[in-house]
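I have a structure I would like to understand better, so I am pasting it below and will then ask my questions one at a time.
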Amino acid sequence: MEFLVRMTITAPGDSADVAALRAAEAERAAELARSGTLLRLWRIPGDRANWGLWRADDATALHEALTSLPLWPHARFEVHALASHPNDPG
Amino acid sequence: MEFLVRMTITAPGDSADVAALRAAEAERAAELARSGTLLRLWRIPGDRANWGLWRADDATALHEALTSLPLWPHARFEVHALASHPNDPG
Amino acid sequence: MEFLVRMTITAPGDSADVAALRAAEAERAAELARSGTLLRLWRIPGDRANWGLWRADDATALHEALTSLPLWPHARFEVHALASHPNDPG
Amino acid sequence: MEFLVRMTITAPGDSADVAALRAAEAERAAELARSGTLLRLWRIPGDRANWGLWRADDATALHEALTSLPLWPHARFEVHALASHPNDPG
Amino acid sequence: MEFLVRMTITAPGDSADVAALRAAEAERAAELARSGTLLRLWRIPGDRANWGLWRADDATALHEALTSLPLWPHARFEVHALASHPNDPG
Amino acid sequence: MEFLVRMTITAPGDSADVAALRAAEAERAAELARSGTLLRLWRIPGDRANWGLWRADDATALHEALTSLPLWPHARFEVHALASHPNDPG
Amino acid sequence: MEFLVRMTITAPGDSADVAALRAAEAERAAELARSGTLLRLWRIPGDRANWGLWRADDATALHEALTSLPLWPHARFEVHALASHPNDPG
Amino acid sequence: MEFLVRMTITAPGDSADVAALRAAEAERAAELARSGTLLRLWRIPGDRANWGLWRADDATALHEALTSLPLWPHARFEVHALASHPNDPG
Amino acid sequence: MEFLVRMTITAPGDSADVAALRAAEAERAAELARSGTLLRLWRIPGDRANWGLWRADDATALHEALTSLPLWPHARFEVHALASHPNDPG
Amino acid sequence: MEFLVRMTITAPGDSADVAALRAAEAERAAELARSGTLLRLWRIPGDRANWGLWRADDATALHEALTSLPLWPHARFEVHALASHPNDPG
């Protein structure tokens, strides 16, 4: 099952800690991409936020993936459950 | 450039005309998929609406693609311009 | 997977047709209850709307259950995907 | 009388105190489940929030149950009073 | 249990039918006042709407009272469940 | 002239100071009740907020009554001016 | 007591009837100005709407003034009760 | 050109500094009244906010007047540009 | 003085009349451009709406320009008054 | 491709640091104007915010321009992608 997820970073964006946090976030995102959980990720222009396309067995598995992100304590998430569409080219 | 587009159908959903319209829509969606304009399409559960992932040179080209849909006169669109993200697995 | 669904009736509520529609709705709701798809249903006081607790394999299966309701063409739905909680008594 | 309640945690989620608080919360939730006050509880995916199904004599009794939660000072609640529905399978 | 209810009239306000409807509404409001169900009623200035203070055993009984109003098919209702307050002079 | 007022407490709810503040608030509420200014008061279940029914000569007099509350610096108010309704039982 | 009132015209704006209606509206506005009820009136640019400054004994008297407007059945009103300010130059 | 301006005070309202600030605000308001820039000012009941009627050559001149207020750093403003209305009694 | 104006077309977009209307609209837009009133105009992608940059002496003159558009009876407008900025390159 | 961007300053506006920041912002804005990226800039009256007209190859290039602003860590941005309109005088 796929989910569209809007992630908004709420932590301030300038300290050294944040650089470490972002490196850890990139590493975890790569792991989630390798396991087929994180399919796509886009920046929202002008915002400290992104849209992601995720795949998980159900909402419980998605929640576990999102809480595994190093930025989880510094972010808010908006989750859209997706159903399959007959015209989907994907 | 990619765009996330939420399309909401506003026409009533039960007449014979609508069946013809939906067939024409499926055909046009397939064309837009072949040209690499429509990348993904999902139903929003419980809604007469969908999320689509689109690719176009710019907002003008996207507008032309959306207005080429047979359902254009019977739909509303919400367009989110996307920027590339360094962690995108896509 | 469970879903919380708010259903709002948009059709006018007084003609004879509506009585037939409501009887068909009750029958279909009973079928969905027997198959374990519709678990609970409550009226929202003062509103032509209800909250329902639904179970389905995923968002696609939920969408099929909702579109099988006789009132589907006369209703709007708002779907909340649910994850399991360690403190759930259920 | 049943109520649907959306509870949003507003306290930061990482200190040791919070672990103690969550243990106390689980214990109080179990008590409220045993007394038939808390019927169901679900996580909202991607959110520090949950949906709960509660039973209480009236709004005053519900308010007392909610304020008895250890997380009460660190949470916001949105209460939906429920009426019975003839098609309820529950 | 008391409820604060905002009622918005959605029917057009000028025909002869409406005069009959309003007379029936006044009569039913008087009955509900006599039974202790409708306690107070105020016009919202500049609006075809009112605030009412209602008393009912629970949300199901309130819903029955509201649907008994002749204006029910031509109105929308917003219901606020009330809990008792220690400082209430009433 | 009567007013419906929603009061939301914005101060944190746990220190000793707050207990003193609440005692002072109860005393002032009793005075305003005796003078016929505060007519009714209800808790909003699950919220640090209340609905009150107030009577004052005009909006200026109401503002003076609200600012005389000890909780005034720690609260937000939403004021609804009320007009008389011919069906009011009160 | 003064009120700030936003009036939005909801009727279509082009038929001959509307011209007659607008003439009647201008006449009634002049009467309300002479009686000191309507103090000021401004167009909201780009909108079929206006802001007005009104004076009335209370919300009931204001409601009567607003319902006396010929455009009443074709308009929506948003009423802001005003309190006096010590810095008011007026 | 006239403007309707809603000003919301965002600073806390109890320290000695605030008393000095309010005195300076009253003085500056009187100057702006004498120059014909500030025409009327009303308290919004129950709120730390006011509605003002202002006159300025254009939006740039209005912005300069608003930023000249001592409370400018502690306030938010919502500006409504006004057009003349043929029925204005003013 | 400049204004940013969002114009939303509310008329259905497919009949022959609309073609005539759009031709008249293009002609009037050209006139307003020649007089320096309409400075820029953009389509909002996926919407029957546009953003325009307008110049007028004040809100009254802007309102006259907007109501001179052939699409005026079939459109809604949202007007943002603009002040000059020291960093404006224009 | 052009974009309409609403920028809201979220930092407090009174310290010496802010003066240095604003000077740096003016310098960077001038550079972006020279490169044809920032086309126009307006103050929103009564607000610590501005509307800007920007040109960039796509949303990714726009995001880079916005994050190059010295005020980026102290601002929020709302981006509107623009499509070309046949009636644009620009």
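In this document, chain identifiers A, B, C, D, E, F, G, H, I and J correspond to the written order of the chains, with residue numbering beginning at 1 in each.
One rule holds in what follows: a residue touches a chain if its C-beta (ideal position, glycine included) is under 8 Å from a C-beta of that chain, and two chains touch if they have at least 3 such contacts.
What you see is a predicted model; the values in this text were computed from it and never measured.
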Key: For subunit J, the least number of touch steps when starting out from subunit A   = 1
Task = Count the C-beta pairs in contact for F-H and for E-F, then report the pair with the higher count.
result = E-F
Inquiry  = By mean C-alpha position, what chain is farthest away from subunit B?
reply    = F
Ask   = What is the chain whose Cα centre is as far as it gets from that of subunit C?
value = H
Inquiry  = Using Cα averages as centroids, what's the distance between subunit A and subunit B in whole Å?
reply    = 23
Ask   = Per the centroid of Cα atoms for each chain, what is the distance between subunit A and subunit G, given in Å?
value = 51
Inquiry  = So the centre of each chain is just the mean of its C-alpha atoms; given that, what is the distance between subunit C and subunit J in Å?
reply    = 47
Request  = List the centre-to-centre spacing of subunit D and subunit F in whole Å, with centres computed as mean CA coordinates.
outcome  = 27
Note = Multi-chain touching residues of subunit D, meaning two or more other chains, are 43, 45, 59-60, 62-63, 79, 81-84
Task = Would you mind giving me the full set of chain pairs in touch?
result = A-B, A-C, A-D, A-J, B-C, B-I, B-J, C-D, C-E, D-E, D-F, E-F, E-G, F-G, F-H, G-H, G-I, H-I, H-J, I-J
Remark   = The residues of subunit H that touch subunit I in their complex are 1, 58-60, 62-63, 79, 81-84
Inquiry  = For the complex, give me every residue of subunit I touching subunit J.
reply    = 2, 4, 25-26, 29-30, 33, 38-45, 50-51, 53, 80-90
Footprint of subunit I on subunit G - complex, ascending = 12-14, 43, 45-47
Task = Give every residue of subunit G touching subunit E within the complex, in rising order.
result = 3, 5, 59-60, 62-63, 66, 73, 76-79
